Each structure stands twice: as C-alpha cells, then as structure tokens.
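Across the two complexes that follow, chain A remains constant while its partner is chain B and subsequently chain C.
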Partner chain A sequence: MNIYPAEIEFMAENEIIQIVPTFNHASHVHLICGSYGPFRAGLPLNVPIWVAMNLRQKKTCRILAPDWMALDKLQERLEEEKASKFFTQLPSNYYLEITQMLLTVASEDIPQGNEIKTAVKDLWDLRIAKLRSSVDLFIKEGRVQASLNHLTPMEINSVRPVFPDTLDALMTLHEQINSNDDRDDGSQSSSATPGSASFSLSM
Partner chain B sequence: MYKNIKPHYFSIDAIMAAQEKIPCRFIKKVESIGFLDSSIPEKEDDESDPKIELPFWMVKVFLIEKSIQFDMPKAYNEIYRGVLMADANVVDLFKLCKHFYLFGKFLSQLEHREAYEVRKILIQTFIDRFKQTMDWAQNINDNLPCFDRLDCLERLIFNDARVAQQQLNTYLTDGSGQMEIAAMILNYKKRKMNENRILE
Partner chain C sequence: MDIDILDLIDDEDDDNQEEMTAQKVLQIVERAWLNEKFSPEILPHQTDYVDCLLEQIKGMEDNLAKLSKTDPKVDLHKLEMERIKFVITSYLRTRLKKIEYFCVSVLEEESNRLEADAYLSPAELKFAKEFAQNADNHFDTILRHMPQLYNKLDMNKKVIKPNLNSFVFLKCYKHIDSVIIQNTLESQEEEIVLEDGSQHLMPYSSVAEFVKKGAVQLI
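And then the complex of A and B:
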C-alpha cells in the first residue's frame, strides 16, 4: 500500500496553528485531539489546522502564519540546507503541506504568499534532489546501512514505492551468489548483501 | 507496493521466462521425445546436426540426466556481458530479453562454467540501470520511448514509481481536493432511510 499525498496532508491538518477569531465563544470546544478555546474576538489562540481552515472558510477568523513561514526565515533555511551535506532539521515536519493548505485557503492572511510558495518549493526540490542522490549512492555502492535524519513524511513517501522493491529485487539477485557459490573465492561472499540492508529514514 | 519480486509457483513472469530458448546440443541419444515439439528434429536420426534451441524448462530436465550441453544465450554471452559491463544504460534490455533478470537468474542456477559471471553481471546491470529507471519514472512526462527499453522487473518498479510521482504532482498542482464519503457509509445511510420509511 502506498500512502497518498492527500493522506499525508490529512495528518498535517492536526498540526497546531494560531488564529485570531472574529467571534466570541466562551466555553472550550472538546475535540478528540484536545480541547480548544475560549474564542474571544481579536485574541489569538491555538487550534489544529483543520479547525482553522474551516473557520477561515466561513470567514470567522484570521490565520496567523507560523513563525517559520516568513520569507527571510525560509531563505535562511534554504541557505542552511544548501550548505549542509545532510538533511537539516526543519521547523515543521509538514512544511510543504502546511504552506500549500494555508496559501490555498488564506492567501490574504499571509504576507508575500507567492514568494513563500516559491521558497518552500525550492527547499523541497533541494531536499528531494539530496534524497535521490543518497538513494542512488546507497544502491550503487551496495551499502548495507544508512541513516537519513530529519526527513519529512512527504519526502519519505516520495521514495517509498521504489526503494523497498528495488532492494528486494537486488536481494533476490544476490541470494544465489551466496547460497550457490561456496566454490568461489571468499572475497565475494564475504561482502554483505543488500538483503540485510537497513535504510533508516527518520524525521 | 512490495510486489512479488520473488517469483512464486504461478508467477506468469516466471513461466514466461522459463519459455526462453537456450541453444544447446545433445551429447547422449535421447529417444522418443520429438513429438513434444515439432521444431525439434527426431533425435534418433539426427546425430549429425545436434545443435538446437530448447526452452529453459526442457533443458533443465535434460541436464539432470546429463544428456545435454548448453551455451549461454545471446544476451548473456561474453560479448553482451562486455557491453553491459561497459554501459548498461544504453542497452535496450526489453529487446535483448524480455525477462532479462528472471531468465538470467534461472540460467545462473544451472550448472555452467559461466554461471558465476552471469550472476555478477545481473547484479551489476541492475545497479547501473537503477538511477536511470528512477530518473525516468520521476521526471519524464512522455515516458514511452524509455519505457520500451526496460526489462519486465524494471517495469514493475518503474510503474510503481510513476504512479506515486503522478499522485504527488497532482497534489502539488491541484491540492488534495474534496474528501469523499466512503461507499459503505453512503449505503448505510440509504439503508437507514429505507428502514425509516418502512417503519413509518
């Protein structure tokens, strides 16, 4: 089973975000993911993104962009990502999805929306390129262990359909070398096969 | 995902791969099997020209009795191994052999002096071509010309990668869209409405 991007967006909707409501609601709202409230017109409060989007679509609140969703902060991240050989830790695990969601629903609430969109896309492209080259290197050099930190679910999902099957295929091809080739010199059989490969992707 | 990369008993790919022909010659007299395939000349009379092509599954049986000798098929012989070793990316694997990896794997399990080389070249080819396969799957919109050059195993992986990439692209350009009500819940609601009507 593959995870659809929309399903990852669904997970991202549970992230917390600040809104400024334009209505009053004295009691808390009790949700499975927690209790939120009270809503006071003009006072910012934290709610999950899906609540924020819902209220925004009814025009009963204004969404405050998360701290990291500012052009200078994103440029900084971008530079950091460019400079680093590894993946850098991002402020949000769902940066792409959140940007996409907020800019669709509340583009007026976010200053420099278009520039932010481009910056986030740049960041994504940069990280995906890095991920692909690491995957390629991993396969090419027949490594058995690698670990990539700070990957986001959407990024992991982009290699998910290819990677396990590829390793599986390689393992099948390798299998007989080890089982049938005892007569060969030890150099080949002593090298570890991707069958035992572990590639840990962590957030 | 997690396709059956490993062939099982009823795997169509494995059955097709076992049909691939292998050039071979009989070293012993084998009697009364000519009827199995009209293209096989009657062995009894045909000692003079013993070189024929037999499908893999048949060769395997004859090999048990040690009545046959075979050469590596074209795609796996020394010349092509050299080509693959030099640059696997330029080879049209599908044209060379539809089930290059599977058939190659079968072959390498037989007893042959080149079996080990074949095994090595299979792995090397797969590794060398992997990046290209992935790049094609994730980047090129019009995939047909390059898709034609992939072997069946690579096609499996390619298709998976492609579907996922298209989902991602759709998401990036159009967003996720409206959620749909599951069919089960819709039916349930209809049933409820029906029940209520009957009660009234």
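And then the complex of A and C:
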C-alpha cells in the first residue's frame, strides 16, 4: 500500500510550532488533540502547525520559524551530513514538509526564506543520493534486513513503492527457483498486494 | 454561553471506565491508520476507538451549533473535526479495499478465529460475506454460458492471499530482544535485536505479531 506525499504533509501538520497571535482570546481552546491557549496579542504560544496555518491565512497571527530553520543551523547540518557515512539525526522528522508549508503560507515571517529553501533542498538532495546508493548496495548484497535510523517518512516514501516491490519480486523469484530445485511441484496460489500487479510465475 | 469541551471528554472517560484521554484515542487511531495502510494483511479492527472518536465528533458538532459564528475557536474545532474524519474514512476505506481484494482468504481466516479476537468488525464481516456471495453469483451467471470444459471454477485458484513476506518499513516503540528473519536468498535465518526508537526494513512476517501488539509501528 502506498501513502501520498500529501498524507505525510498531513502528519507533519500535527507537529508543534510557535506563533505570536495578534488577537486576544482568554480561554483555552480545547481541541481533541490537546488544549492550546490562552491567546494574547504579542505573546508567543505553542500550537500544532495546522492551527498556525489556519490563523496565519486569516492574518491573525505571525509564525515564528522553528530554531532549526535558520541558515547557519542548516549549513551546519549540511556539513555534518556530508561528513557522515550514515544518515544524521535531523531536528525535525518533517523538515522538508514544514519548510515547504511555512514558506508557502508565511514567507514574510521567515527571515532569509529563499536561502533556507535552497539549503533544505540541498540537504534533501544529499540524503536522497545517499539513500539511493544504499538501496543499490542493499539489493546487490542480497540482504533481507536494513537499519534505517534517522530517515524521515518523506525520504522513506521516496523509494516506495519501487524498492519494497522490487525486493518482493526478487524473493518470489528465489522461492520459485528453490522450489523447482527441490522438484517440488506443489500448487502455488498467487500472492499480491492490493494496487500492484499480481506477480506469479507459471512454469 | 461558553461550552467546555473538556467536560465532554471527561464524560467519555467515565463511560469507558478507563483512564484514557481523547488525545490518546486519536493517537491510537492515527497509528492504526498508518499500520493498516502499510501492512499487507488486514489487522485486528479498532472499532472501539473509532466509535469513541465519532461520538466525540458528534458531541462537538452539537456544541458548536450553540456557539456564535464569530467565535475564533469555532473554525479551529471544525477544522480539527474534518482532519479526524479524514483519518477515520481513510482508515476504513483501506480496510474495505483489503477485504474486497483478499475476500476469500480473509473470510477463511476469520472463520478460524474466536469471536473475541476477530479481526473484522461485525459490519465488516457482513460486508465481506455479502461481497463474497455477490462475486460467486456473478461468476455463476457468466460460467453458465461457457463451454462445458471451462464452466467450472476452481476455488483454490480464485484465492488471492496477501504476501506476508512483503517488505515493510517500521519504527520500534519498545526494545525487542529477538526478531527472526527468513533469508530466502540464502535459505537461512537471521536473528536481530530491535532497539527502542530504531527504524528498519524487513519482511512483514518477521514483525507481524509486534505490529498487532503495538510494539512496532509501520512507516
């Protein structure tokens, strides 16, 4: 099964961010996902990103960029990522989506927006290149388990469904070869995942 | 009049006789949604939690109707309800898709389970049975017009089973001492330790029981 990038963005919208409201609302807002407030003009408070974006679109708040969303911090991350053989731990699991969302809705609130966009894109490109070469190595070495620490959901989704499907197909082929070696011609029911073409071999 | 949504949430907890906040229920449903999306087979249903959320939404809708439209929090509550509805519908649709696709095998496995650990909710079971019945009727109608040699349907060939060995991405929420992975390529077994918070790629069959117990989240 697949997940759409928009659905990952949907999950990213649950992350917490700081805003500065321009209105006053004394009582807390009791949402199912938690209580937020009180809203006092000029005083920063924590809210989920989807709340922040909704208020920002109505021009009733200013969004404060998260700590990591600063050019010098991102450059540091970039250097760290370049130096490391493995994937480094990032300050946010949804760095690409959050940057994208905030720059779309509240570009005036983020200092050096364009430079930040480029830096985040560089970071993404670097990590995706790393991911692709590890995928290549993984398949060539014929392994069945991999550790994927610090990869973000969006990065994982970038190799889906091709990567897991390829592995599934490889395994099916090997099973078929093994069972033929054993001269075991038991009946085989076809197996597949919804949404993908069924993969069965008839001999 | 100011309506306190928290009162509503507290009432809910008393009914369930459990210490569980609406926030926690939402988190459980969101995780179930992702697990269902990524797992090759259908997972045990979470109807209790889904129903709990739907009740919350209903109560919230009633309360919102009493609030004035200019209240800044009305929009936020409405938006949140839409978000939750999206998760629930997507979750239920994913399950229906699997039921339709693996209909025969899902029903067969379900008949081997006790009622207490059924994977399908009563409504889903009813749907699955009707779906299977309708498919059979349909095939019968067509096959009647086929030459005699071809007018029999081999039930075993019709069965589509989920590929439980398909590869999944997962994140671990608990330390798991030992997970056995079948290496088809070399016809041997590998054993690994899953650290708390680590992420992995491996065949679903190795971690299926942990997914159902909630120790592992598919991502």
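A few remarks follow.
Here is the rule we go by: the second predicted complex is superposed on the first by the 176 of 203 C-alpha atoms of A that agree within 3 Å, B and C clash if a C-alpha of one lies under 4 Å from a C-alpha of the other, contacts with A are read in each partner's own complex, and residues count from 1 in each chain.
Simple rule for what comes next: a contact is a pair of C-beta atoms (placed from the backbone, for glycine too) under 8 Å apart; a residue touches a chain by one contact, two chains touch by 3 or more.
Please read all numbers here as calculations on a predicted model, not as lab measurements.
Contact with neither chain B nor chain C is seen for A:K82 once the two complexes are overlaid on the shared chain. By the touch criterion defined above, A:P164 reaches both chain B and chain C.
Applying the stated contact rule after C-alpha superposition, one finds that A:A146 touches chain C and leaves chain B untouched. With both complexes placed on chain A, chain A has more residues touched by C than by the other of chain B and chain C. Judged by the touch definition given at the top, the superposed model places A:R132 against chain B, while chain C stays out of reach.
Within the superposed three-chain model, A:V51 lies in touch with chain C and out of touch with chain B [touch as defined at top]. Within the superposed three-chain model, A:A6 lies in touch with chain B and out of touch with chain C [touch as defined at top]. Chain A residues 1-2, 10, 142, 160, 164, 168, 170, 172, 174 lie at the interface with chain B in one structure and with chain C in the other.
Within the complex formed with chain B, the residues of chain A that make contact are 1-2, 4-6, 9-10, 100-101, 104, 132, 135-136, 139-140, 142, 154, 157-158, 160-162, 164-166, 168-170, 172-174, 176-177, 180-181, 184, 188. The part of chain C that touches chain A in the complex is made up of residues 2, 4-6, 9, 22-23, 26, 30, 34, 37-40, 53, 56, 60, 72-73, 75-77, 79-80, 83-84, 86, 90, 94, 97-98, 101-102, 156-157, 159-163, 165-169, 181-187, 190, 192, 198-203, 219. In the complex of the two chains, the chain B residues touching chain A come out as 1-3, 5-6, 101, 105, 108-109, 116, 119-120, 122-123, 126-128, 130-131, 134, 137-138, 153, 156-157, 160-161, 163-165, 167-168, 170-172, 175-177.
Residues 1-3, 7, 10-11, 13, 23, 25, 27, 29-35, 39, 50-51, 54, 58, 60, 142, 144-151, 153, 156, 160, 163-164, 167-168, 170-172, 174-175, 178, 187, 189-194, 198 of chain A are the ones that touch chain C when the two sit in their complex.
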